[in-house]
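What follows is a pair of complexes built around chain A, which joins chain B in one and chain C in the other.
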Partner chain A sequence: MIISLRDISYEDLKNKLNKDDKIVLWSCNTCIKFCGIGGYDNMVLLENMLRADGYNIIGKELISIACMYSLAEQHKKSIDKKNMFQEATAIICLTCEDGFETAESVFNDKKVIKVVKTIGVGNFTMDRGPILTAPFEWTGLEQNNQGYSFPELAEKLHLYPTFFDRKEAAEDNTDENISLTINNKKCTARIGMTIMQACEANSIKVPHLCYEADLTPDANCRLCLCKVKGEKELVPSCATPVRENMEIITQDDELEHARKILLELALASHEHNCLTCSKGNPCIAGNCELQSLVRDYDIKETRFQQNKEKLPVDTSSPVLVYDPNKCVSCGRCVRACKEVACQNNLSFVNRGSKTCVAAGANKLFNQSACVTCLACVFACPTGAITEKISHFEGDDWLETNVYQS
Partner chain B sequence: MIFSNSLEYEKITSNLDKKNDIITIIGCNTCIRVSGAGGPDKMKELAMKLKHDGYNVKDGFMLPITCMEPYLFTVKLKPEVNTIVSLACTAGTSNIKRNFPDYKIVETVDNIGLIIADTNKGVLKIAMPYKKHESKLGAEYPLGSDGKNRMSKEQIPVKVELKTL
Partner chain C sequence: MIVNKISDLESIKNKTLEMTKLDSVKKTARITVHMGTCGIASGAKDVLNSLKNKLKDEHIKNIEIKTTGCIGICSKEPLITVERFGEEPIIYEYVNVEKLNEIYDSHIKKGNVIAKYALARGKEVELEERVDNNGHIESQKIVDSSIKGIEEIPFFRKQKRIVMRNRGAIDPYKITDYISRDGYMAAYKAVTELDSQKIIEEVLDSGLRGRGGAGFPTGLKWKFASKADSKEKYIICNADEGDPGAFMDRSVLESDPHSIIEGMIIAAKAVGATKGFIYCRAEYPLAVEILNKALSQARAYGILGKNIFDSNFDLDIEVYEGAGAFVCGEETALIHSIEGKRGNPRLKIPYPAQKGVFSKPTVINNVETLANISPIILNGSDWFRQIGSEKSKGTKVFSITGDINNVGCVEIPIGTSIKTVLDDIADGTQQGSTIKAVQLGGPSGGCLPANYFDTQLDYEPLQELGVIMGSGGMIAINDKKSAVDIARFFMNFCADESCGKCLPGREGTRQMLNILNKICDGKGNKEDVAKLEDLAQVVKKTALCGLGKTAPNPILSTLKYFKNEYEEAVKE
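What follows is the complex of A and B.
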């Protein structure tokens, strides 16, 4: 992975901006995310800081791999985002310098601001986080397999070891906050938040499967349904905005019963086999959210008849494996391919119980327009789309799938 | 993305011992595949060539990202293996060296630097080279061409310059 550390302070960043700038935050979901600078959460954090200080943020754009010029151009031209980019006067790049150079040329009529110094390549370690092992020579550092950690690098190279600190910005503008009750507890939320976001901000967990913070809500799995006083129907937390004095119940016997049934139906839709499924173990791309929900709800078996029909597993892609037997039709991959990869390569095919995700016009992955960016792998909450790990052996060097353990 | 070019085959075999080395190959399926110096096809090609030339190659693992420890932990080496041929860039190789300190590790590529890619045009452009490859700044190659067939006309309109701290 490419190693970058922040090289400007929050004050320096503000000095590069004008109060009348229309700002778009632009970030990459690959290396820089693991360096603790990029990714969706950091864009939200910086957005909140700059908003509190009176700057005008008109949008946030997450790109699966920001050093792919073609992807950056596709984002700029996409129908949904074209107007936002036309209006923008400043782009703040939470990407490595490679991604910054790409953005600078794609947005050559705008002020493009860089916040990092890219200093070489390295590893993501379990105990020390990102480390630098092969520095660029101008850093004056030697190549070192043990690697330099971020605090060490920050000190040696006069850079910052962490992302911007929320405390450096003004307090949240309380005018924009509203009061509500969630599960009979008084809470506050910001105008424009969904119930799900308000719950997260107040440390209340609402079960969900089709929702992912960096994707547009689709409200199709119905796991996050909750009760709102005055509403006849249950409402999806992931797609319902909060209102002043709203009274919300996210958890009671009735809701939990409904969720249990939904989870059992998801398990019955195909034969899941958690013991041999690679998503059963946590990895960089996350773990199986379906499996953790099933554990949370103490579901041992499904009361519904299981669909035993086996659909063919697509191993044609060099980087991913698609097992439609484990798909729960949440659509996160479809949205990730559209919104984060800007490729629109995935969609649903067939109807009813036969509905499933397909690449291209119902083709194999290697015959589709997939750019192997892994955005769908990171978004999929089950073992349906996973990274390919293979073992090769034998006279013909035959390839077998490896299950993580 | 990181750009690496294959070392000469003879350079790789000069570090291998036909009699004593029992070999596994650990490959990476990200940047190095895009560069053309690695990936499943390249691994098969290298393994077959080594086997054909009498080297004791047991097996190989193709990981999605070799420079990240969680992926490396999925590799299960056979007890008799004592040598790892790394089909990964310098970063992946450092990860292998740190996590398999008792094995002989043989490198197969040279790191050129960081690249910008255009998958529509199928082109890579060198944006941030290591010092010994500074002359390649701005050079463009077809995707997966392993540093061959340098393009004569600019395809990716990104201005690149040498960096300093």
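What follows is the complex of A and C.
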């Protein structure tokens, strides 16, 4: 993993921009995300800050691996985004320096702004976060077994250990806020938010499997269905925009019962053997969302007949393993491949309960046009698509003393 | 020739009528073979070929052979209609090559009707005229009064033909036949005389509701699309009829393709569309062939293409063949399919009228809805409003199948009771059994027991009972069959045809089928029934598209009305 730290302050960044610039945020979804500088959430944060200060953000683009020239080119040329990039005058790169150079040559007619300094190669640890283990020579740092943590590095090299702080920007414009009630509680949300985003902003948890913030909602897992006053049917919160004075119920007996049944159905679709699944390991891409939902809903076993039919596991790719038996067909990988990787290499095949994800023209991964960018790996909520290197790896669960009162 | 003026249409009409007239020398008789898919399947092609060979061998030039679509009473196929100059036409049922030889020698040559093979006297298109004149038409000599007149047979008499106005009367391969029955007059009127608002008002006033199943007012749909701001708009005819036991659309497509095209022209003018698609399932090869032929004829006559009727209005229509997925009949899945994507439904909002095919405003209408349009434009909304029930106007075509005597396609005024259809039109069930239930609306519909047979066939009364009118499939079930088995049959279909997108649709249908299989195999217990009901309710509430939301209906309705059969099935 490439280690980069923030190099410029928020003031420096603003000095590089003009008020009439049409700005696109450009972020990589790999190393820089784990360095705490890139990724979708940070793009949203920076977008909000710059908006509040009166800058014109016309879009944000997440790229699975921003240092791959061909990928960056494909993003620039993609049908949906072509116009946005043509219009843009400034690109803010939330990528490592390598990704910045790629962006600079892809967008050679635009102002491309670098935010980070790349200082070497390192690793991600569960307890200390990202650490630098192999520093570049110019840093003057010695290679050691312990590695350098971010606060340490920031101090030594005069860099910033964290991303920009929301407080540095102007106050939010309250004109854009609307009020609504969620679960009989008065809440505020911004215009254009979905119910799901409004709930997140108000610390209300809505269960979901197929929704991921950086992908277009598909509303196929049906776990986030909620009740809206005036609507005859249940509405998916991930895809329904909020309105002024909307009255939303995200949790009651009926909804919880339906969610429980849906989760049982998901469990029955295949045999989900967690003992041999790599997603349970405490590692960088650990934590199985299906498993945590099952825990949340107290599900001990599925009452439905489990599908025992085993499908072959595809290990042909050099970097990832696809196990269709653990797939819940949420389609996040399919959307990530299309939107984050700009590849369209993954899609669904077959019908009914035989529906599953397949690479290329229903081939193995190494026979398809997969660019091994890991977009699908980061998107998968279960252990269906995992990184090969993480198999039988990861730390033991940390031992902690639990005292009973 | 290019049709530009109303006089062009009229001259085609007169010429065609003149040409088809029978006389005593040049054209003494006409034999019509009804060649719908149903007819062909029961052997109409053999009948037609042997008839052709006969005339060829005997060098007979003054007898015309005509082919048309199905006349509705599919269970009596192959049917032929024999007309001799100055005599009443006779419809023969269950015709095969041997019977044809007899009919040919005796009736066609000598004028001696063979009563034992005959179904009725008279043609369906002349039925109203016959009723008005006490069962006979003046210019026609009654040949054998022992044969029932067509108006005496409930199957024909109780029907009201608007959508099926041309069945059995025109050759679907000939545009001139359609024009001779006032075809394209309404399109001419709409394109040259009326503006968009006027057409929409007329359709709105008529009270016509979408015949695909949901019953949304057609005029309102058009209004939304006409208001959408876009240079490009699309009009789509949904001919992806896939319900088991439903064949209304096929019957219309095969016997009267131009009525769909005319409906689409009027709809396109109303909303401002310049491109149309007929999304037809590939399992209807004859319909696809006939549609393509009809489209190319319409283009040749200048009725489709650039500058239609010399009025600066452009429209072209093409046939798009579905690849066999039932779910593609759902609007949003159909849109994806035409765009070349996997036929998965999406959320209904934005509506297709705002963002449809290729992200442009799109109107999607069912075959039957479109076939209703030209009579409304021609006869006015007031005429249309006289037919039907208080809330729903016009007629509805049902395909009646199952354990009844007269299987076929029937068009009845909305509001007719189920009893009338089953007892009179369908002529009941075979002796020794009774009809205990009727499945309405295909796999999305429900099962209604016999004590509700007085119910009117209308959108709302049926919905109140937990079944739907749907696209018009009606399957009669006699008392020898189990309701659980019926539910299993439809669940099997839904599980098979689910697109696999949403969790309840994909996995819920499979699990409901699993439980039903278990019960049908005699391995079920009481908990299974409770579990089934629970799951069915959840799937109904949570599924993404209309197909998933209605898939549990056969289970829920049989649980409601035939709970005892479930209990019987799980008894140890």
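Please note the rule applied: the second predicted complex is superposed on the first by the 385 of 405 C-alpha atoms of A that agree within 3 Å, B and C clash if a C-alpha of one lies under 4 Å from a C-alpha of the other, contacts with A are read in each partner's own complex, and residues count from 1 in each chain.
The rule we apply is simple: a residue touches a chain if its C-beta (ideal position, glycine included) is under 8 Å from a C-beta of that chain, and two chains touch if they have at least 3 such contacts.
Since the structure is predicted, the reported quantities are computational estimates derived from the model, not experimental observations.
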Just from the overlay, do chain B and chain C fit on chain A, or is there a clash? fit
Does chain A have more residues touched by chain B or by chain C? B
Does the superposition put A:Arg303 against chain B (first), chain C (second), both, or neither? second
Between chain B and chain C, whom does A:Leu265 touch in the aligned arrangement: first, second, both, or neither? second
Have a look at where A:Glu387 lands relative to chain B and chain C in the superposition and call it first, second, both or neither. first
Counting only touches as set out at the top, which of chain B and chain C does A:Ile2 meet: first, second, both, neither? first
Where chain B and chain C come nearest after superposition, their Cα distance in Å: 25
Per the contact definition, I'd like the list of chain C residues that touch chain A in the complex. 325, 342, 344, 347, 495-504, 506-511, 514, 531, 534-535, 538, 541-544, 549
List of chain A residues in touch with chain C within their complex: 218-223, 225, 233-234, 236, 239, 257-258, 261-262, 265-266, 268-269, 303-305, 307, 328-329, 331, 347-348, 350-355
Note: in the complex, chain B contacts chain A through residues 1-2, 25, 29-30, 33, 39-40, 43-44, 47-48, 58-65, 67-71, 74, 89-91, 94-95, 97-98, 111, 114-121, 125, 127-128, 130-131, 156-160, 163-165
Under the definition above, what is the set of chain A residues touching chain B in their complex? 1-2, 34, 65, 67-71, 96-98, 101-102, 104-105, 117-119, 121-126, 133-134, 136-140, 143, 145-147, 157, 283-284, 318-319, 371, 374, 387-393, 397, 399, 402, 404-405
